[in-house]
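Presented sequentially are two complexes of chain A, the first with chain B as partner and the second with chain C.
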Partner chain A sequence: RSWFTLVSAPLNETAPATRRRSEWGAMAGMDCLIGFVGKDFAIVAADMNAARSIMVYSQDEDKILKLDSHKLLAVGGDAADCIQEPDFFKKNMDLYAMRNGVPLSTHAAANYMRGEKSYNLRRRMSQVDMLLAGYDKDVGPSLYVMMLPLHEDVSFSLRLSLLRAIYFALNGTILSPGLRYFIDYLASMQKLDKASHGYGGFFVNSLLDTHWKPDLTEAEALTLLESCFKEIQKRFMISMPNFTIKIVDANGVRTVPRASS
Partner chain B sequence: MALGGVLSALDFSAARAEQHDEQVDLPKEQLMSAPILPDPLNRCPGVEKHIKMVHGTTTLAFKYQGGVIVAVDSRASSGAYIASQTVKKVIEINPFLLGTMAGGAADCSYWERYLGMRCRMFELDQKQRISVAAASKILSNITYQYKGYGLSMGTMICGWDQTGPQIYYVDSDGERLHGSLFSVGSGSTFAYGVLDTGYRFDMTFDEAVALGQRSIFAATYRDAYSGGTVRVYHIDKDGWKRISETDSMVSLPKTSLHVGFIGLPSHQRRYCTRSPIRSLTCTAVVPACNACHLTHSIVRRLHFCTTRAIAGLVLQVQWRADGVADFWWKRCLAVCFALAVVWLNTRSESEYRMAVPSV
Partner chain C sequence: SQHSRADSLRLASLSLLAFAAEAACPCGTTAAKMSGIMEYNGAAVIAMAGKDCVAIASDKRYGIRNQTMGCQMKKVFQMNDKVLVGLTGLATDQQTLEQKFRFRSNMYRLREERDMNPKAFANMVSSLLYESRFGPYFCEPVVAGLLDDNTPFLSGMDLLGAQVITDDFMVAGDCTEALYGLCETLYTPQMGPDALFETLAQCLLSGVDRDCLAGWGGVVHILTPEGLTTKHLKGRMD
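On to the complex of A and B.
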């Protein structure tokens, strides 16, 4: 665990490690998150649906959280976990900034969050996919994706989980100095130029691969995003009329208003 | 590093961070009685079979220019049995906050009373009334703590605070949503239809009350698990007030639909119009006679028969009810049937409508 996790009450330590099928409120993958990096900014978009099984509760839910002045976190997955987990990370990051006088860099924040998610991985059930977009003065814009697989994807064979436990433990202790870019294949974190989450992501990944290029201007980026939204609205089964778009650049975080409905 | 005195404030090492860890005490929920289990599913296997949760409801709340309207039904059903028609599904947390109840009645009422206590503590600590956002956050933190333990509640915390009218939907999964229009419960989809179509922000008070009432009626009409009385509350800057309590059955539009007609194909209905009373007889008697499951299929075909045929049916029932071994029990059944037929035949039609249970 990160040495500076200073908020002592851990995130709901008494929570059960599994969840009944009926208690999975929102279906995983229903939240569509898209993010990519431009010339000197990083842009993130999310749909605004809050739904559960067949019913849509509201279509103006903001899924992109402002972590600090130059970081954005788009979250998708279980609705409650998507509020509580990023809140916990934000409080810890704020405390670090208050105590040390400097906020965490995007790279440090991504690693901190990945560490916390790893800690929670086999202790409790938590279903949150994240896109972290940030701007640092020295590095420029960057985008990190963090996700956990669905509970049902994780197999429970005893031998395999024993192996995993050993791998996990070794990676945390002896082998970590040697593994520069360690990625636990269960709680993964990756720095990317473009990324998307959810079922909507299936449709936009190819669009991003085709039309993204380094050093996109803001206008080009917004055009690319609009074409992604149109594709989702055309081909994805779930109706997603509204999207939130937020940009982080040297001046900080701002919301981009969408012209179309 | 162990630096003493003033310089220890400059020590940012892990050792000191860990020391400080022990001293920091975030407020824990005062009644944290959830057992610390790795998997609560294993604690009481099969508990759902033994404890019948009382589910099924329709509640709604919406914001409009004059405040917040909260409308609820009052039926509690466990399975196919209607446990109560007079449940209070709006919980008065404080004079400015209302909470609705959907899901487990015990969970909702207990935790909303606890929320009332926490709101009062907030007022004593802070010398100001708690905001709806804060109150709903307290409740959602509690439900998040108990996530996975089997709590069942879907509640709307509604109130008027410094920022105006607010509604928050709080779930037993720890979900908390802010919005201007919500409906929760098994009948919520039916209520949404009427509510979404008739909703405008600039409604008058009368229109808003009527809309809330009509939406719940629509839901009680279609949803088996909603019914009883429809209660409508209004919240404005001076607090909440109960506006009306109306019986959901009485307000349904009167139709020529006799209860006994349900399930009959349309071409057979004209026989029934000649003797609606007798058709009602059949359906009224069968539910009263739980032992005669065998008769159900027979009687449903005899909606359009005369009283003589019903007498014949009674004999058939006795012959077919082999499971009922007692001779005198069979005779008693026959007498019951006959008496019921006679009694119902002497009632007037409007009394039939009241007497027939909601099928």
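On to the complex of A and C.
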């Protein structure tokens, strides 16, 4: 297709801003990710629903990716970006480890990812919530959160600023498809002791505030997670029967089976 | 004819984009809609000048709209021995800008073999923000520092880099109305470091009590010719 055709495409195609939020990677907010730090481990849990709009495709999808021997990345948001973006990060981190002989620390990995996301922020659309949990020998367990907005008007403002940037920056450049795809998420990063993403997070954050304390043992952590799951299953209108739980500690990454299942 | 085709393409695409921009806004006024983005994360920063000292304080909330995610967020950063900058607005841009400021400050240091003084730093910040005039960073910085003769320097700007330099106090964030009132009443010129800290802490804590998007503790940095002191404030966690 030539650039000429793109310019004369109907307005619906060229103004994604007019779509409702549910059409933007329809999963925004539907993925429930929970993570927190224990005594010498970091634990992450995610629901296992793969759904779009009203339809659930699968209820055994693993949303927690093993980035390297001592890092876990839980991802939520747009389904395609959740595969592509962490994959890109993982490959680059593997390359770094191969070139330099030492893998990135959790702090370095989080900052690397935030840098990539903020670079892409005003260039392309990508909707991925991330919880990075890792264990380093010198620092111990840590949890980093990269946030995604659930609200339209923020992404609108970013989109508008991008539109304006394009408006004034077109100097003989051909209007390519790449310029039309707008960012829809923000790349702010924080190191936290406990965090949760998505709509499920609204229910779980207060539970974590009350019951989390420093130096939780693994059993206590699993009990806390179970109470979080119970709350989500009781009060959240999306049915989430299954959850994945993974732990990262000095020995590496492992999956923890749920006691009740 | 190649040249004129490019021109007509540019014209068509520009008008299309302008139309899309207007069409994209449901409420009809683009300026009003954009203001939501500055309140997205929530922040409050005050800087005050005293006698040969300057102090800058911020809240510690990290939130997304009405939900608070964390209470340990850093919003004031030290760039060199004599310069501090506090950032409000969108958290991601705060973090990106902090890195950009640090980069430029360090490059200046390497090239010039001396630290950037606060006035030069503030001008640099202003021009950095204006570089992105049509796709700006959604951040309103406050620069506080001590000039070579130890007189305090305060500068604040909007997200496009329009700078204003004052000699008493500078506020930025969501609850500026509340903060202005407090600072205006409680500020006296030529305060020493302790009095300055006390005044600034009270202004911040009382001011953010009126704002649900800022608060959850505070941190005050006091910069004197001897060095930097940092004090954390216990405030209402709500």
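One rule holds for everything that comes next: the second predicted complex is superposed on the first by the 199 of 261 C-alpha atoms of A that agree within 3 Å, B and C clash if a C-alpha of one lies under 4 Å from a C-alpha of the other, contacts with A are read in each partner's own complex, and residues count from 1 in each chain.
Going forward, a contact is a pair of C-beta atoms (placed from the backbone, for glycine too) under 8 Å apart; a residue touches a chain by one contact, two chains touch by 3 or more.
In this text the structure is predicted, and so the values were computed from the model without any measurement.
K.L.:
Once the shared chain is lined up, is A:248 touching chain B (first), chain C (second), both, or neither of them?
P.N.:
In the superposed model, A:248 contacts neither chain B nor chain C.
K.L.:
Give the label of whichever partner, chain B or chain C, reaches more residues of chain A.
P.N.:
C
K.L.:
After superposition on the shared chain, which partner residues are touched by A:78: those of chain B (first), chain C (second), both, or neither?
P.N.:
Touch status of A:78: first partner only.
K.L.:
Once chain A of both complexes is superposed, is A:221 in touch with chain B (first), chain C (second), both, or neither?
P.N.:
Touch partners of A:221: none, neither chain B nor chain C.
K.L.:
With the two structures laid over each other on chain A, which partner does A:58 touch: chain B (first), chain C (second), both, or neither?
P.N.:
In the superposed model, A:58 contacts chain B only, not chain C.
K.L.:
With both complexes superposed on chain A, which partner does A:202 reach: first (chain B), second (chain C), both or neither?
P.N.:
The answer is second: A:202 touches chain C but not chain B.
K.L.:
Once the structures are superposed on A, label A:192 by its partner contacts, choosing first (chain B), second (chain C), both or neither.
P.N.:
A:192 sits against chain C, while chain B stays out of touch.
K.L.:
Look at A:110 in the shared chain and tell me whether it touches chain B only, chain C only, both, or neither; answer first, second, both or neither.
P.N.:
Neither chain B nor chain C is touched by A:110.
K.L.:
Please report the chain A residues shared by its interface with chain B and its interface with chain C.
P.N.:
Shared contact residues on chain A (touching chain B in one complex, chain C in the other): 3-4, 7-8, 14-15, 17-18.
K.L.:
Please give the residue numbers of chain A that touch chain B in the complex, ascending.
P.N.:
3-4, 6-9, 12-20, 23, 25, 50, 54-55, 57-58, 61, 78-81, 83-84, 99-100, 125
K.L.:
Which of the residues in chain A end up touching chain C in this complex?
P.N.:
For this pair, the touching residues of chain A are 3-4, 7-8, 11, 14-15, 17-18, 114-115, 118, 121-122, 145, 147, 149-151, 153-154, 156-170, 172, 174-175, 186-192, 195, 201-202, 205.
K.L.:
Hey, which residues of chain B end up touching chain A in the complex?
P.N.:
Checking each residue of chain B against chain A gives 12, 14, 17-18, 20-22, 24-26, 28, 34, 36-41, 140-141, 143-145, 147-150, 169, 171, 173-177, 179, 182, 188-189, 192.
K.L.:
Considering only the defined contacts, which chain C positions touch chain A in the complex?
P.N.:
Result: residues 6, 9-10, 12-14, 16-21, 23-25, 30, 33-34, 36-37, 40-41, 62, 64-65, 67, 69-70, 72-73, 90-92, 94-96, 99, 132, 134-136, 138 of chain C touch chain A.
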